[in-house]
Amino acid sequence: MEKGFEVITRTTVPELDSILGKPFQVLDDGFVRLIDYLGTDASIVQAARVSYGKGTKKVREDRELIRYLMRHRHTSPFEMCELKLHLRVPMDTWRQWIRHRTASVNEYSTRYSEAINVHRKTAAHEWRLQAAQNRQGSEGWLDEKTGEHFSQQELDLHKLALQIYEERLTAGIAREQARKDLPLATYTEAYWKIDLHNLLHFLKLRMHPAAQLEIRSYAWIIGQEIVKRWCPLTWEAFLDYLFEALVLSRSELEIAKALIAGDNEKGIRLAQKLGFISDNTTTVKRNLECREFEEKLHRMGLKIPWLKKTSP
Amino acid sequence: MEKGFEVITRTTVPELDSILGKPFQVLDDGFVRLIDYLGTDASIVQAARVSYGKGTKKVREDRELIRYLMRHRHTSPFEMCELKLHLRVPMDTWRQWIRHRTASVNEYSTRYSEAINVHRKTAAHEWRLQAAQNRQGSEGWLDEKTGEHFSQQELDLHKLALQIYEERLTAGIAREQARKDLPLATYTEAYWKIDLHNLLHFLKLRMHPAAQLEIRSYAWIIGQEIVKRWCPLTWEAFLDYLFEALVLSRSELEIAKALIAGDNEKGIRLAQKLGFISDNTTTVKRNLECREFEEKLHRMGLKIPWLKKTSP
Amino acid sequence: MEKGFEVITRTTVPELDSILGKPFQVLDDGFVRLIDYLGTDASIVQAARVSYGKGTKKVREDRELIRYLMRHRHTSPFEMCELKLHLRVPMDTWRQWIRHRTASVNEYSTRYSEAINVHRKTAAHEWRLQAAQNRQGSEGWLDEKTGEHFSQQELDLHKLALQIYEERLTAGIAREQARKDLPLATYTEAYWKIDLHNLLHFLKLRMHPAAQLEIRSYAWIIGQEIVKRWCPLTWEAFLDYLFEALVLSRSELEIAKALIAGDNEKGIRLAQKLGFISDNTTTVKRNLECREFEEKLHRMGLKIPWLKKTSP
Amino acid sequence: MEKGFEVITRTTVPELDSILGKPFQVLDDGFVRLIDYLGTDASIVQAARVSYGKGTKKVREDRELIRYLMRHRHTSPFEMCELKLHLRVPMDTWRQWIRHRTASVNEYSTRYSEAINVHRKTAAHEWRLQAAQNRQGSEGWLDEKTGEHFSQQELDLHKLALQIYEERLTAGIAREQARKDLPLATYTEAYWKIDLHNLLHFLKLRMHPAAQLEIRSYAWIIGQEIVKRWCPLTWEAFLDYLFEALVLSRSELEIAKALIAGDNEKGIRLAQKLGFISDNTTTVKRNLECREFEEKLHRMGLKIPWLKKTSP
């Protein structure tokens, strides 16, 4: 039986091998390091083709197949690739990170060892202002002058917290308890292993402008520095079909269709009926969904008919 | 501390309680029965609001919040609801079903007990033809006359397979081995428990026209008869934002934008550049992605400029 | 087909219904509240029996069946029950909790809302000392006099951290960033939903003496106050077969067998050969595995033959 | 920052590289082929040590650390290794295999391609008899003479089923429907990727004598031919602490303790009280748990005091 079988060698990606172990800096003292990997674009194709078996007579091009899989959300072949990273991340960022349950994790233990004595510091120009519309976002920056005050205050707090931590240890207090008042900005480290399908899901959410700046910085580094080198065809398809795709709901499509047909009156009527806008005589009040939709209309090159009479 | 806390009673959905245990027939001898459930639309809202905590001053309407969560793929609140079904499904359909790994399953054991002696039968008018374009689909029907032959042949095969199975058992052969040649069409039963988020993912894939008819029949029953009664706001949002949404890739958006702007020449040029069409002098050859895209253009009310010179 | 089917009502556990919403206090300001549940002991039996189908002629008692399932690690029927809790937990405890990836979680968002302004405080007599042998544990207590100093210092730190947090907010700094230096002892809240199988796994690890005191306190409350009321037969079987079971490795069994047979010399020889002890002329050096094994021997009522010449 | 970092090369296991792609035959026409892998024993140690961080002053030996992790069920470091296999398995075995939900799977699609036209055949001496005690097991063999009849009958059925399948295809019936009556013994193929922790769980259950012979054959091949070469220290620890461990429940421990102390009367009294045995004047009736316990007593070298008066 062994006759018919091809000889196999492990998948290797020279572009990745050359950066194995290299720390890509993120934030002031964080990093992402590639430790190991399994598979590449070719492994996705290989796994997909077992599904197609001998039936596939005409050889599809790898790129076309990967794009097909991504387009149709055939996600299982992307699980055939695996990435293992070594991370240094502030604990408050890690709190978001760890919510992705599909990864394998070994985190530095501050029960077993002394905490890493480094905290995420904020430079005077890095303090962000609360967003006005988006309750869970930030926009714009605090003036640097005021920022200086907060940065100095932050340094003092870090110093104090660390001092108290060390005083506790010196007194013999257990590490597991001494650590309890470390700032959330304290760095932690971890090995983090995840398959490509779940990694792309992580990246889609965390590279998004709505993600918090800190985790977004890590996500872009992982995407641009590692995934792009590792599985270039998948990365391209990911950007095209997932990350930069435009999704129209049934309601949005209905309105857009009217606008495409040039029937602005119908578009406005539909927007009212679907609750996107409410007409208050002279000005139009748009809900959150409507404001999000307007951005999509803009991407399609469509004019927003209700905007001319919108309140400022 | 107990002062500030509200008294709680379990979430109950009277519309569901009235169908508990009722078998909804699927195929010739399959069924879906609702056994139990946890939560409802209100539980999703409750879970989402813990994230928003005391900060939420203005009370958002439940419907609007659920639509917001669905639109932005905030999936975790939907995990707070759980459904438990009793199913009877042919084994070849079950082979597809079980690929959804996020459910809890207890299946009828043919190691422990004798196999269910019922097989999925195909009526003379139910034989489907292999799709021409889609290698993994069917389209149209075999003529009923020929169908009669295959239906009779099928009955005979079922009878023979069952007879052999029983002969083996009578001879004392272990059930775990005797079952080995039962037809894939043999029915099996299972308890299947899944949370609402993962159920919606299941339904999105399995209610889709590209899903095989058999599993599609089950999916629609679960959706229309159970989920719609259970979480009506979520069901509505699911249809609007997930199931009937229109997704445009970056490339498709580029072409669509040109067509919306009325620049058909640019649309065609882009379609060529992006590999959607290739011009062979008089006729246009479209790839699979292009044919899928044309359906989207149709939904947007856009004309397909390259179609006038397409080969039949 | 509907004829043969039994009418169903939802599983209800009156003992649980009477404590729905009741906060069980844990630590100084934490709590566990039962919000909802699905199933009970009877649901486990029901799910297990579908596997046994019609083949089961003799009705096994529920208790015996549940014990059988637990003993043989037939875990899937226990997944048929689901628990939903509302928790208030210090963030450094939550960091351990969230490592259990099989639960559904909605956590209070300090991006969206202001942080809960309560921190886990340590009373003067609650400071624990680092364990000597176990690098990741604690044993014994700091004297209360010194404890007073640390408790006051802690209060001051909490106050300062909160003050800085609020100063940042007042200056308009985004909540997502202002929170970065809150102490790990800050309380958070979450809805946490998990099936019984995975909950028992959580309890097995977190009720264990080696678990940190804080999370252990939560685990015991969940076990004793909720699971015991919810699924009493399962709880009993869990304690008997999982939590209080004695596990002997192949090596340990070999040594134990010699000791049971009264052949102490052979026991010692095996312990040496297997690396448990190394004889240094007059005293015996035991490795960590050996010390753990001695506790097992003690539970079996076996004397430890090498102890007579052990170093103090 | 990059200064302090070590240069990294990928983990490689020469013993595995030399068998990459080699099909290990299982059953009459099945196989297991190693396609790729990530990590090895050293990766487990590396991941565990991040938890211990700089705090680990004394360098523990790798072997001892791996044994410690296995003994204490610290499972996460074992997730850092990953195995990818190519399998050919009869569908009725695959039905059991696929119940392990923690793997990534791409299976050969009989919607897309024609089914593999090979079925698991049973030789005349391979027909197993239903076990008397164990409802879900087999024991002993059918006489070869009778076996010949069943083997011939099986061949005829396979031939007929295949013929009908092909007749359907020839008539244009869709592959997704034509396959519906293939025997469960039809072979399928898949890529199967799983981390080492979950693989060991799979092996623990499927290498067990209670597992069905067919899947057991695959499990042992994977264990002995692949895992043992891949992570020899882990394999050794797995056998010692998991696979060949002896687990005593609280009740069993109580009885065993009495027997170890030589108090047979107390042992019998406890066994009665705990429901293991019921005394019917002259003979003793033992329940299933008791019979399982007796095997454990045997492994410990303890006599069974109630056996002298047991019914045959």
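Note that the chains take the letters A, B, C and D in the order they are written out, and that residue 1 is the start of every chain.
The working rule: contacts are C-beta pairs under 8 Å (C-beta built on N, C-alpha and C of every residue); 3 or more make two chains touch, one makes a residue touch a chain.
On a predicted model such as this, the values are computed, not experimentally measured, just so you know.
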Degree value of the rotation bringing chain A onto chain B, based on Cα positions, nearest 5: 180
Proportion of interface numbers common to chain B and chain D (over half same, under half different): same
Inter-chain centre distance, chain A versus chain B - centres from mean C-alpha coordinates, in Å: 28
For chain B paired with chain D, centre-to-centre distance based on mean C-alpha positions, whole Å: 32
Geometric centre distance via CA averages, chain C-chain B, whole Å: 38
Residue list for chain A, restricted to those that touch at least two other chains: 52, 55, 105, 109, 112, 135
Touch-based graph of the chains, sorted into line, ring, star, complete or other: complete
Contact set on chain C toward chain A in their complex: 90-92, 95, 98-99, 101-102, 105, 109, 111-112, 119-120, 122, 127-131, 135-138, 142, 146, 150, 153-154, 157-158, 160-161, 164, 167-169, 171-177, 179-186, 212
Chain B residues within the chain C interface of the complex: 1-2, 5-12, 17, 20-23, 25, 29, 31, 33-39, 43, 46-48, 50-56, 76-77, 79-80, 82, 84, 86, 104-109, 112-114, 116, 189-191, 193, 195
Contact set on chain A toward chain B in their complex: 52, 55, 64, 67-68, 71, 73, 135, 205, 239-241, 244-251, 253, 256-257, 260-261, 287-289, 292, 299-302
